[in-house]
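Scroll down for the structure; my scribbles are underneath it.
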Amino acid sequence: MSKLKVVTIGGGSSYTPELVEGFIKRYQEFPISELWLVDIEEGKHKLEIVGAMAKRMVQAAGIDCEVHLTLDRKAALKDADFVTTQLRVGLLDARILDERIPLSHGLIGQETNGAGGIFKALRTIPVILEIVEEMKELCPAAWLINFTNPAGMVTEAVLRYGKWDKVVGLCNIPVNAVVEEAEILQEKPEDLFFQFAGINHLHWHTVVDKFGHDRTDELIQKMYGEGNSQSIVANIKDNELILEQVENLHMVPCPYHNYYYYTDKMLAEELVDFKNHGTRAEKVKEIEAELFELYKDSNLDYKPQQLAERGGARYSDAACETISSIYNDKRTVMTVSTKNNGTISDLPADSAVEVTCMLTGNGPVPYTFGSFKPQERGLLQLMKAMEELTIEAAVTGDYGTLLQAFTMNPLITSGDVAKTVMEELLIVHKKYLPNFFEKVPV
Amino acid sequence: MSKLKVVTIGGGSSYTPELVEGFIKRYQEFPISELWLVDIEEGKHKLEIVGAMAKRMVQAAGIDCEVHLTLDRKAALKDADFVTTQLRVGLLDARILDERIPLSHGLIGQETNGAGGIFKALRTIPVILEIVEEMKELCPAAWLINFTNPAGMVTEAVLRYGKWDKVVGLCNIPVNAVVEEAEILQEKPEDLFFQFAGINHLHWHTVVDKFGHDRTDELIQKMYGEGNSQSIVANIKDNELILEQVENLHMVPCPYHNYYYYTDKMLAEELVDFKNHGTRAEKVKEIEAELFELYKDSNLDYKPQQLAERGGARYSDAACETISSIYNDKRTVMTVSTKNNGTISDLPADSAVEVTCMLTGNGPVPYTFGSFKPQERGLLQLMKAMEELTIEAAVTGDYGTLLQAFTMNPLITSGDVAKTVMEELLIVHKKYLPNFFEKVPV
Amino acid sequence: MSKLKVVTIGGGSSYTPELVEGFIKRYQEFPISELWLVDIEEGKHKLEIVGAMAKRMVQAAGIDCEVHLTLDRKAALKDADFVTTQLRVGLLDARILDERIPLSHGLIGQETNGAGGIFKALRTIPVILEIVEEMKELCPAAWLINFTNPAGMVTEAVLRYGKWDKVVGLCNIPVNAVVEEAEILQEKPEDLFFQFAGINHLHWHTVVDKFGHDRTDELIQKMYGEGNSQSIVANIKDNELILEQVENLHMVPCPYHNYYYYTDKMLAEELVDFKNHGTRAEKVKEIEAELFELYKDSNLDYKPQQLAERGGARYSDAACETISSIYNDKRTVMTVSTKNNGTISDLPADSAVEVTCMLTGNGPVPYTFGSFKPQERGLLQLMKAMEELTIEAAVTGDYGTLLQAFTMNPLITSGDVAKTVMEELLIVHKKYLPNFFEKVPV
Amino acid sequence: MSKLKVVTIGGGSSYTPELVEGFIKRYQEFPISELWLVDIEEGKHKLEIVGAMAKRMVQAAGIDCEVHLTLDRKAALKDADFVTTQLRVGLLDARILDERIPLSHGLIGQETNGAGGIFKALRTIPVILEIVEEMKELCPAAWLINFTNPAGMVTEAVLRYGKWDKVVGLCNIPVNAVVEEAEILQEKPEDLFFQFAGINHLHWHTVVDKFGHDRTDELIQKMYGEGNSQSIVANIKDNELILEQVENLHMVPCPYHNYYYYTDKMLAEELVDFKNHGTRAEKVKEIEAELFELYKDSNLDYKPQQLAERGGARYSDAACETISSIYNDKRTVMTVSTKNNGTISDLPADSAVEVTCMLTGNGPVPYTFGSFKPQERGLLQLMKAMEELTIEAAVTGDYGTLLQAFTMNPLITSGDVAKTVMEELLIVHKKYLPNFFEKVPV
């Protein structure tokens, strides 16, 4: 039997059982022989709990796969076939700060596209680039499958600064949209072609049925028309976008568009949560605590129901299906973050985009999208520039570049408040931002 | 003697004496033989006052030029050589609404790039396109020199929807910047090469001296460094941008960048003005009333000092110099709104941009700029898309398109407040927005 | 049973039995109920022969499909679901002139990319655009599947001048390459991903296997390395390209590259054929005569072996599979001519390209290709410009535009010889070139 | 008095007196204090002759400028202000081979855009890149003014591989065209705006007069209409392009277009010259011998009339005016080779183009050109790709890349003849092609 080794960095995450379940389900087509769960000293306790549970799951499934737990990342990476990254630098406590500090100044924090997302990128990108350097040495043929948010910026950093092309960025939003919107249209997902285009957490899509009819406008009416509302991610509350706006797009926006299209309502809701200590980060921390209590149960050898609430529905499917598609050249149609290369004419060729692809043995091959209408184009180009600045700041530690990212971000009011929030975040996250070290006042 | 006919639409404007002074000054090189001041019924009274004054100025100067006052635009346009547009649909009262209604909901109004600017475009573009149609018939060889704000959108509408290439959009900001910044650098303007690139009221520039040294960073320190602050337009208060941000640009922003780079302070200041009934529109109305009192003086035959306060410093120079440059193939270097055509690689080739050009007998020939860094690119692309949507809405009267423009505008908070402000403005300006007629509730 | 109507224009072609066989084979998935074979008065005799044979084939297969023969194109088009075009304006005699006249002046004629191809485009495009106008009226939901050469230019004419998007241009070269090169690599075609990019008869491809390994360089060695040679189209003789050149491409060229990469040898061979009255057109005419003799046999109710020699191997598969893929939303991976839309960054977005696509119910969705290296880019851009000029000349009948196409074509020596050959061809094809009528001397 | 040092590499060239004359004429505005003429051992004899003459010219002019002759390039470069390159690797004998060897196989040789030009690039680029490295060390503020052909490829090599931006590539064709075509139009050159766009020896231009009227079509009639013909370079014989073709361009082609637009006649003429040992290279060698005889005359202290025949008319003006424009920030309008940067949308932003620029203290600032019509675009893109391949081959010594350049070049018939000619040239030029050393058979 040939070796098939998967390494999961951030293996102590509460999501790990999702992933283990996904591998078990696909064992026939993807005969994983080693699963290495890697974490850092601070995450050791969680790694042990979730690692033990992973071992029980594998044993219960009766598959021939060794589960290794380690803090030694290099040992784990040696000869890996696939490396998945689901790490969180600074743990959930950092996310709480990412969300609460901006809100304390009247700004949306948001761990992927607000001020919080910018700082998550600053903390994460240097670590990911370190991992890439290790991969070049220890497992140069492996694929890097990244779920760590902000997934688009991380993917672009790997491509542009890591000079590593074998990377796929993953998000469960497109997978969920396909399933849920097919249901709304009363069609089978496989009878529809969803074409997504944009960047992570800022994309739009169209839907065509098997008869070649564009069903997007109909879907918009069903989703946003009178009496309807929807949300497909747990951390964004149900929300009605303004129908006339979505109609004018002739494309379905993603749930994170609520932040850009309905900023006032989103902010108002988040301020309520802020006041009640119920920000998404705080809720997730509670859920995680409960999950780890469950995981400690030495009889539990399957993914508990409660994990679904955590917000990662179908993450496992997205991740394991991507891995298996590459391994088996399955040619699955999936929406992932990958190199643009002209797929979207409005964005730089070497940037990361989130687009519908065919997954082959050689990774994602995107379907051509072309150009957006100004409706989508302007915001998309703004956010891509914001991402470029954030990534550059993460790599260089340059204060002015980071300030540009803050200024450009449409969820951040520019000026004194932007500068103040930015500096507060630099101070509280100082230990995770060595590149900025000298620039941060004590 | 050959005829040389200039037609000024919106001739009753308080700016007209600026223009007349400019023509008088240049009479040797630009021997204007007929100046037609055109206005509409509502502006008849002002036209008579300012027209009488124009006649006195011409007479005092002893030049051989007939001044005609008329409400018959077609009669005026017949065989014109140059047509200038400085009209204001709905007069200053419309501007007051443009500024106050958004502020009453906590948003910057701003007559060029905020909610107010969008509505000024909606009111103005259909009128300008009508003028273009008349020019095609009555003076097909004439140049259209537009000063009406938002000058960039008006120029793009003329190019794209009017299919009329002989148009130049003018703004006094670049002219002023050249004069004032040369002074800051203690150089003569002609010893410096300023290259501007962007769109009207959202451009950046670099400065190189005659030795080929880039002086931009030095200028930034002198303008924004400790203890310095500057403003070169009357309707934007002195303001200090954040030094680190401007340093990171390595380009000098334009005064309107305060709105995007220092949104919180700008809004705070405008809210104070709103409370005190001292918005820019209200102040301008007062100034204008005073100016017209002066103009009534039948002894006044020169431009009064007070006109400078009106905010149009060097408008006359920009306009008359542009006209004379085209007439005389002077090859003056000037920054104007014209067709992009690849000058800025980041914007559509057929859009209007404000860039440094050489003015020839065949109009502006831009100097190649190339690509912006992400610092400038993102915001610029966003605003261009916002402009495209606004222009399209002006032409089609489409509610959804207009809502997209509102949503995309970074000075407008998206969501309920955007929609509310937009609808209020639609209602108050209804009579100037026939394209939207059916869509606007009574 | 619902109607499923296919109309074949140029139904009297010797290829028709290929097509009929393809439909019979796919009847389960594509239950064609009516096949209309349309031809013109000049082709009536051939239509009757091949039509009778088509009826025998359908009857022998026992499928429930009516075969109609008609000279009334409009009657045929009414309510069609798919329209295929395989017409030849001027019949094979025109092709003989296309090939022999250039050769008589020392130039390659070539019915698709030489002087002959330019004239085939001139004759064909006006007829195709007429058909498109009729389709807009009579079968606006139908797809146009074009096999008529030059297939790329015809497709672009339909897109750009016909303003008709539901068109697919087909060629059997990619289909053949997949089958034959898989064999060379000793792999199953479905285990390889061939990505083709370029334009009709001028494309390159890469091959990746299911393990994600790029096998292109290996394939190049096997095809062009010492002792090897190959050809996959009947009208291009086996030929060895220069190994170092193909190695440097890192892409496999198409057989028509012989014309551009080995012009001297190709011309020498064609001159021999010219002398022996054995040009491809003359050979095809002989083959066709023999085929029609066979078709007259009222016992023949299956595709005769000899048809294979005609050069259209797997045309039927390409065509019928494309049609069935659209009808059934089969998502087959196939290489066809379609709108570029950014798939190849080096070519205009609105031009036709021949690229690997997924065929859905809504037609082809291309896989993003990106940019070519200069190796491929220069020639490709030249030929696309040549195509644009040819199409424009076909539509406008402009002599100067046609002369530019001749000058630019790398198979035509520019200058007197180009002009002479062009004028000779204009004269002999005069009756098929009404747009040029007045410009052609008698 | 401040130092102003010019270094001329290839100082022994027969052109040097042109240059010296130009500096003398401009001494008031460009007070050159040191002129260093540098050559190599092989050119020492010529350097001494022409150097002595240069000294006499300077003395006769009574200007305060030292003339230094040296074989020590580094000593010369130290603290230079301007470096001009007019070197010829392998001297005229290499050019004779470049022209005769291709002709011996029936191909146009041509020292800039045929097979000969490719080899001139191969020999020259490595030397120029060496000079650039020395400049980085010895005179990092200096400008490199290159006249060495192929001037476009040399400029691009300096930009792309030398990473040196302070370079201008010069050619006298645009200067000559302006003077001669103004005469044809009976206008003063300063009353016309010529806009050139393309690459060195493959550009087109338009002409607009001071009234804004496009005079290009009129000029085309006067230059190419019945009974007219023209040529403005000495090495291209008078030739009539085909009027209909030039009319269709609506742009004036450059003299080198004869090679692409009238290949058959050009080749026929060159074959006659080949037979008579009268190729351009051979003629130039004769002229040079005569010139050096003249230069030896110790009484000659001015540029002799005969130099004009050499073909470099107005080279001196182009070069000295460029240098003085940069030194004095004169803002002269001139057409030079510089970085594209989007000036021509159809070519890569980082490639060298020959376009109309304003020459400032910071070098050339191009006027935006935009996109070409397919008429010009295809050939231009082909030749740019050919240039990119040639430059890459010059730097890497890669045989396959060079073969691609040969295959793509429209003046070279591809296939066996291309390969044969290429290999012959590799062998004869072996000592100047160290990068190719191992690949070239003995």
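Which chain is which? They are A, B, C and D, in the order written, and residues in each are numbered from 1.
Rule of thumb we're sticking to: a residue touches a chain if its C-beta (ideal position, glycine included) is under 8 Å from a C-beta of that chain, and two chains touch if they have at least 3 such contacts.
Note that this is a predicted model, so its numbers are computed, not measured.
S.K.: Going only through chains that touch each other, what is the minimum step count from chain A to chain D?
M.R.: Contact-graph shortest path, chain A to chain D, evaluates to 2.
S.K.: Farthest chain from chain D, going by the mean of C-alpha atoms per chain?
M.R.: When every chain centre is compared against chain D, the largest gap points to A.
S.K.: Using mean CA coordinates as chain centres, what's the gap between chain A and chain C in Å?
M.R.: 45
S.K.: Between chain B and chain C, what is the separation of their C-alpha centroids in Å?
M.R.: The computed centroid separation for chain B versus chain C comes out at 55 Å.
S.K.: Give the residues of chain C touching no fewer than two other chains, as numbers and ranges.
M.R.: Not one residue of chain C touches more than one other chain, so the list is empty.
S.K.: Looking at the complex, which residues from chain C come into contact with chain D?
M.R.: Spelled out, the residues of chain C in touch with chain D are 242, 244-245, 247-249, 260-266, 374-375, 377-379, 381-386, 388-389, 392, 398-401, 403-404, 407-408, 410, 413-419.
S.K.: Provide the residue numbers of chain C that touch chain A in the complex, in ascending order.
M.R.: Residue positions touching the partner: 191, 193, 195, 208-214, 326, 328-329, 331, 333, 341-345, 349, 358, 360-363, 365-371.
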